[in-house]
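Should a chain be cited, it is by its letter among A, B and C, assigned in written order, with residues numbered from 1 in that chain.
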């Protein structure tokens, strides 16, 4: 006995009728706009090789930490879901993994995953019955069948999804050849990289040593001297720029910045490379490097994204068995006011620099982030992020930042995902929530309808293009063609 | 000139008409479900002796810190309300105390006390005029008259309130004879105890010395040696289990846990028993004991409740004159992420352990608690608590936890009260607010009606029974019969 | 092509029709009540000299940090707006400054500035076209023309605005002669001062040395001895009282208080006056002075206002070029529970003392401030402040404080502004939002209509008059006549 799957065309719009009808009109004008995705974690080889994906569980379940963390929290073993551990992908039956998801789909009620999955199932795969235990096999087979078709190859979906710009994330230790291959292929999808140097900046990162070795090889610089290390960053940044990057990304534990002298920084760097560093040294070095990265951004024009506030790998037992990125990162209380001051004292009045701030600590929205972004020319606010990439999270973001920072110090939506098939769903949620928020302002006489319509466009396409400099000419040596 | 008292049948449901009609239907199905009250502070002797209560002021006003703290905040002396001080109940006229409440009833506008009192007056005592200065005596007399009747004896009200399970709270130093008497009485009301060992764990508690002496007497263990102390806990836990307890409760200042070696813990315990302990020692010992309690819970299956974050007895002058629990406890900023890590590193992946977390710091809902409970198998979220046991507090709890933790990592409602007559009112508020929240999800196309109906039941009865293991067979030596 | 400016008569009321109609009725009864403004920063010489203001930009733009901080955040130079720097008002064209505002008016969409400006333009200046690039000159000319008229002199507007009480803010180092001139003038507008001693208390304030010198001159006391310093405060407080002040105001970085012995305080004061003080000394001295000010308030009856939690002059570059108060103050996480305990341990049970607490950290509303104010007789909550003086900010304030502190531990609205023309707009926003909040409580069956009507009055006029003691007889030596 299966139940129908029907997407409510008015989903996520406010229930109140007058507000809803305003929201509906706003949404109608932006629903079909191209997707601009300036921050995410999709795999560029999907688009360079354009090979079909394998199966439903491996594409939709095993890589999606939103899904498997919820199942894990209810006592389900990650191995049964095919989530890789330290020895790689465990022996498992993907069909059975899919059935586990189906049998436990009720756990996701009220979560954004529920909205995203319904969208993927209904819009991308064309299901008209809901996923549950009775339809698990039907789903599994039909999804796999479609995934094997030409229409479901990565580039075909990219085009079907109307994606105008898609940024991936690579480190200085990573190979950009997939991006070069995309550029060389003649395909006109704009898929570019983002410079994320955490692995060569954070000495507490378990990959630091290896990443530094590759960093040395790839740049030919003496990365174990302070000046050589900085030169290596400059070299890689230029290569990333040439491969289309417009931004850098920094996922530090805190937002702390520092402004050391060259000599102090050099001494600290030597300590970091020794065995004698303390956690305080590690933190101070990350802090200093944010300021160094800002200095390079002033030179090369790359937009900085700062994503602080996650206690990585909190579950000690799970980290030992499975390693990082297994849904065990937990947000931390995060300070921005004292933390950012050294960087801002150096570059705060610059109109060359652009820094986009994110948070996992919603209490900082109205207290710190909106006041900072509503004052400093170089600061903008990234959208509600990660755990807060959700209807209530987005609503709180707008309610707690708009009155102080306005809309024009924000930068549109980031999907921040490696779940490629959910990208349209995620952008759709953001568009609906923003239109609902704007509609409430109109319904309460706080804004006029034509202002809301302008804003709906800006929140969807205008601000993100400007903030990430998508329409600025690429730098001289860059071979990448600007997309429409 | 008295005003009518009329309870709006749609009270607390969302105002928007379509949402309200969905909420109304959801509520209709759960309004009459039995009350499950797994965490509270009623007096078990009420149910063992089944004697009538004395008068309105002593039953409804003097023990209710929500009421007398508000009156006190406006300059009214606690003595005039009959609130006990260090010398016991002060000389006072209970009728006059009641009149003071009546004359100041406007102070409670917009507070949950206002909703609870109206429910108690209207539903329990059958008043159809509102309480104010003009009706104070009428109320006082009519309440006293009813309290003297058989229909208002504790067991009769327990049955009339349709209470299926009621937990009280006792310490290792307390006598369980009222519970034994209830069990032996043949009355089939399920009233059980909860193991709350704070007084023998917190050396900063002013009753620590006395509690330890009684702990030694009651257990016959050498509670002044570390191993004897742990053995004494095990013995009392077993006795609590036998008296029907399914849970322990821990009201620490912080959520800090520790994971010391046996030798470290033993040394710390000796320090605690000496005169040389510092506040840091006291804190570390409480931290270690949470982990020890978790270890015992893995053994005996008792659910742990952790209620941190209250600065007890903040008002120095009032504490000197009146002692503890006089409405002067103030919430503190509370960290869970670092604090719980030692315990979680030891038991975090266990599916034997179940820990229910509470908070007085709402900023931790979306930042820490929902992410932790949405990941760790052993963690669940208790409901919005104490100051946040209120319509807006409950709404914020759902809005800030559901998207990350889902509904199924929460445990239903706790009334946490010693105001027995208000128990139905409190559960009714929770049911209405939850139905309103679910109705909004339905009205916004985020959930289907049948899903909301399932959840309304689960939030009322299903989750609490499971989380507190109410339907698991009692342990072998337990003589208590399972209630309907 | 200009667009019409039309103020929605229902603006800021809830969109839902039933709730809106309740709100509309509540609002109708309070919309025309007199304005009571017990905390603000208007210039008393406006009312003593009653001279016309100069021009639109200098009156409405250059002094309004809400406006120029937003423009600055988008890269506009403060010099172009006529905002003074360290050398005074920069060479600029006020008409061009005004045009910049007009061209960028869209930046304010969704901010309270947008609501305030529309009110000022529509209600005060009678415009029926909106401000934008096309109407900038029309606005500039018409505003200037009106500003030159008798009807726009300060006293005329004061009367037209129906202001019943207006407090300004002066320091112990300031001259009260404008206030004396107002009192002597026979004009019956009630404009009084407030005692704000920060400049002689905060040794980290760049004006401390100068302010102390003037403090010594004005009082004739030996302000460089601890007892003389306290005597000087007493003397100035008496003079402020005589000039009509009913309150003091304290804008410290934190809410920390201390309760040192006389000898400890004296030693600390000597350190503060030396060159050897540390930031910790400065903080402890501020803390001690809050308690000293509380002691004096117990003596003289002045209400204390504590406004903590702002990191002043965060933008180092801007502070160097422009000095303080340039929109670069950023809120800080603020503790009240530990911070206020020393003061409360000394005066917490006093019914003589009245302390009004403000915050820029909304996470403290439900966690700390409402529990404190809902218990201590001497504490009341000031309204949502500064960045939170906004529709969403006011709504959150009520939602997060009312259930614990009630309405009667709050004190009505503060406009806290030096933008005189926006005072009616700001009070109007507060009245609308409060009526909307009350209407929701009525619509949800949580309050009766007549209770809401009483509260609407109390939140507008009743509570502020009581909290700031506006209707108590002035002290014996005070020559000021009580206003209607």
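The criterion applied here is as follows: a contact is a pair of C-beta atoms (placed from the backbone, for glycine too) under 8 Å apart; a residue touches a chain by one contact, two chains touch by 3 or more.
Listed by chain with UniProt protein names: A, B, C = Uronate isomerase.
Since the model is a prediction, treat every value here as computed from it, not as a measurement.
Between chain A and chain B, two chains of identical sequence, the interface residue sets overlap only in part, with shared numbers making up under half of the total. Matching CA atoms, the turn from chain B to chain C amounts to 120°, rounded to the nearest 5.
As a whole-number value, the distance joining the C-alpha centres of chain A and chain B reads 41 Å.
Within chain B, contacts with two or more other chains are made by residues 16, 363.
For chain C in complex with chain B, the touching residues are 16, 18-19, 335, 337-338, 341, 344-345, 348-349, 351, 363, 366-368, 370-377, 379, 399-400, 402-409, 440-441, 443-448, 451, 454-455. Residue ranges of chain C in contact with chain A, taken from their complex: 3, 7-8, 10-17, 69-70, 72-75, 106-112, 114-115, 311, 314-318, 327-333, 360-363, 387-388, 390-393.
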